[in-house]
Amino acid sequence: MATVKLWTDEEVSANPRIKAVFDDIRSTRRSDFVNNFWRALANQPALLERTWSSIKEVMVEPGSLDPLTKELIYIAASTINGCSYCVHSHTAAARAKGLSDQQHAEFLAVVGMAAETNALATALQVPIDPEFAVE
Amino acid sequence: MATVKLWTDEEVSANPRIKAVFDDIRSTRRSDFVNNFWRALANQPALLERTWSSIKEVMVEPGSLDPLTKELIYIAASTINGCSYCVHSHTAAARAKGLSDQQHAEFLAVVGMAAETNALATALQVPIDPEFAVE
Amino acid sequence: MATVKLWTDEEVSANPRIKAVFDDIRSTRRSDFVNNFWRALANQPALLERTWSSIKEVMVEPGSLDPLTKELIYIAASTINGCSYCVHSHTAAARAKGLSDQQHAEFLAVVGMAAETNALATALQVPIDPEFAVE
Amino acid sequence: MATVKLWTDEEVSANPRIKAVFDDIRSTRRSDFVNNFWRALANQPALLERTWSSIKEVMVEPGSLDPLTKELIYIAASTINGCSYCVHSHTAAARAKGLSDQQHAEFLAVVGMAAETNALATALQVPIDPEFAVE
Amino acid sequence: MATVKLWTDEEVSANPRIKAVFDDIRSTRRSDFVNNFWRALANQPALLERTWSSIKEVMVEPGSLDPLTKELIYIAASTINGCSYCVHSHTAAARAKGLSDQQHAEFLAVVGMAAETNALATALQVPIDPEFAVE
Amino acid sequence: MATVKLWTDEEVSANPRIKAVFDDIRSTRRSDFVNNFWRALANQPALLERTWSSIKEVMVEPGSLDPLTKELIYIAASTINGCSYCVHSHTAAARAKGLSDQQHAEFLAVVGMAAETNALATALQVPIDPEFAVE
């Protein structure tokens, strides 16, 4: 259960400010499905608008990283943050963007190794090599 | 400062088991530089061998994700885990594998958005949409 | 499901040491409702007593921070720790202490920005400005 | 040391896009001091602009939570995320906004109790009480 | 729900590579029960093999730490990482290895105190005493 | 650098409330050395008293877990929380209580495996087996 109300399509339609964001989500993603994250954020119109605008700029607009790579970075962060919702939504998004089973397997191996060596480096308190400095 | 001794090249040379791993790190990476992480792990030979063997399998051997994508996943996990050493070493590794400033900027934007929406999804306790289920 | 048994009111009544804590929770909060956290801790009487005593001192006794501010600090920590139970219980507690929808929206915006900039500062490994030193 | 270059005032002055943000930071805060976080973000102009714009909207513009409460929420999140830089910069900011030693002591007590009970609730896997549901 | 398919015993039997790992799990643990973690990992044969091989080496083979101590270290890490699945599976494993209610109570007290003092040390940014250096 | 002043022995001696705690730390540990954590907490007398009293009850008083096991649980939690100070202070404490190099190596292997499988279980969102239920 959520800590806030989840907005239904009917409630969204009755509120022009929220409806404008949902309309843009639907047309940007070319899909009628709007997931619960946005239905929860609808309780905070300013936060909803700012978050969607940032997500659109960061995740949707073309850049020098391809869309699937961005999703894998997102899932890695969500995994370490222990966010079940985000792991589910972005793994589904990655699959929709073409993630193969083999790529998923390699992603999992990298995230697992990162988590293991993060713990080892922290437990050993390894000092940073001067060679890593940016010129 | 570390919680264990960091092995010098001289000490490594005097221990055949450790030397074998360091030799393999050097030849695999085609570089004489061995960073402090391995010099700290040298205190635990079995762990050193297993960790290097896994890193080599996961990060070095060719697969369906390119080496730079793997580094970005690694840095994302290390950032959220707050591992300073790992952020430094893998950002340096990503640069060595061709990470451009523009790609770094986009990576940072994705990691930042992920961390923000992770916190929002958790604070809102958004229920997982049934649409995300794997068939 | 819990990793320990949850104590029912009947079981609590049969154990004077546990009952004393539950009675104090009920009279301090002026409510008959005792949430599952305490029913789980009842398996560890010494920990139950110490935890309730600390919570009472920290969260209930009057001080220089008002009760609602304390709850918001609590929810922020619980969100970043990814503790679903704690997010739910302290969001409910904050509402009972007068949290408005507008305040909740602003709280979420702050927690989200903090999480985002925490990730950025860590990924950038920003050095601490000497200006932040305590005289 | 940082994973990117820190921009000096001279370098900032030579770049109109970065200079515009730094000028706004200085005039908004009524102080000539611009901390290292922004000097690191200056390498990513779009991210710098979006982050400052959000921080200004969330932390500076008046709302229903007072500025000091927002800083305490920020420090709580930064503490749990283990972000040294952020703990330093926002503790300094909170002091500048009037945080007293007594308030700091109470803040620390709340953050400590939250972290402790977060760990207990997670280790016990306490099920969420239906009483916490939002109507 | 999982982000991948969970393999049934029938599906495992039809795949010799997966079956070999499941057979070894069953014979090593002297139990027919194979928990969901391995049924999810079965989608990634190389990762399944490497993970089971490491777990067996680290958790099953005799060493200088007794099996129950290893489980408590595992649960502590899992608790702080907020991994519900891992807290459940390793608390069950610890009980199977003889964890008493009194030991569980003391474990919880230690994990709680650690989480509290971790937060305090981070919020206070306590400098590391030179006395902690390794000779 | 710390976010608060660190109390010197002279300042402690001039304040009877703080001095009483420091005297008890010294006599309990049979050592004149008082580490920086307590010198930072000295700014918050009530928190100092409550924290020391809890640490003494949890970590010093005899129970069913031996002192070294408690330290290993503490370091595991501190590692995952990324608390450098705590990793250093409790690794030093564990060594003082007899931690051998072999035990440290096994501890590191367990913490590393836990962190890796925590990440895998979270990324896979493995459902909890009903077999783990407490009767």
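Order as written gives the chain letters A, B, C, D, E and F; numbering starts at 1 within each chain.
In this section, a residue touches a chain if its C-beta (ideal position, glycine included) is under 8 Å from a C-beta of that chain, and two chains touch if they have at least 3 such contacts.
Small disclaimer: the values here were computed from a predicted structure and weren't measured.
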Given chain D and chain E, the chains that contact each of them: A, B, C, F
Most distant chain from chain A, judged by the mean position of its C-alpha atoms: F
Interface residue identity across copies chain A, chain E - same or different by half: different
Separation of mean Cα positions, chain E and chain C [Å, integer]: 27
Inter-chain centre distance, chain B versus chain C - centres from mean C-alpha coordinates, in Å: 34
Centroid distance [mean C-alpha coordinates] between chain E and chain B, Å: 21
Sites on chain C at which at least two other chains make contact: 1-4, 46-47, 50-51, 54, 57, 77, 79-84, 87-88, 91, 107-109, 111-120, 122-125, 128, 132
Chain F residues touching chain E - in the complex, by the definition given at the top: 1-4, 6, 33, 35-37, 40-41, 47, 51, 54-55, 57-59, 63-65, 69-70, 72-74, 76-81, 83-86, 88-89, 91-92, 100, 102-103, 106-107, 109-111, 113-129, 131-132
Chain A-facing residues of chain E, complex: 1, 3-4, 43-44, 46-47, 50-51, 77, 81-83
Touch list for chain A against partner chain E, complex: 82, 87-88, 91, 101, 104-105, 108-109, 112, 119
Residues of chain D touching chain E in the complex: 75, 79-80, 82, 84, 87-88, 91, 107-108, 111-120, 122-125
Footprint of chain A on chain D - complex, ascending: 1-5, 46, 50, 54, 57, 128, 132-134
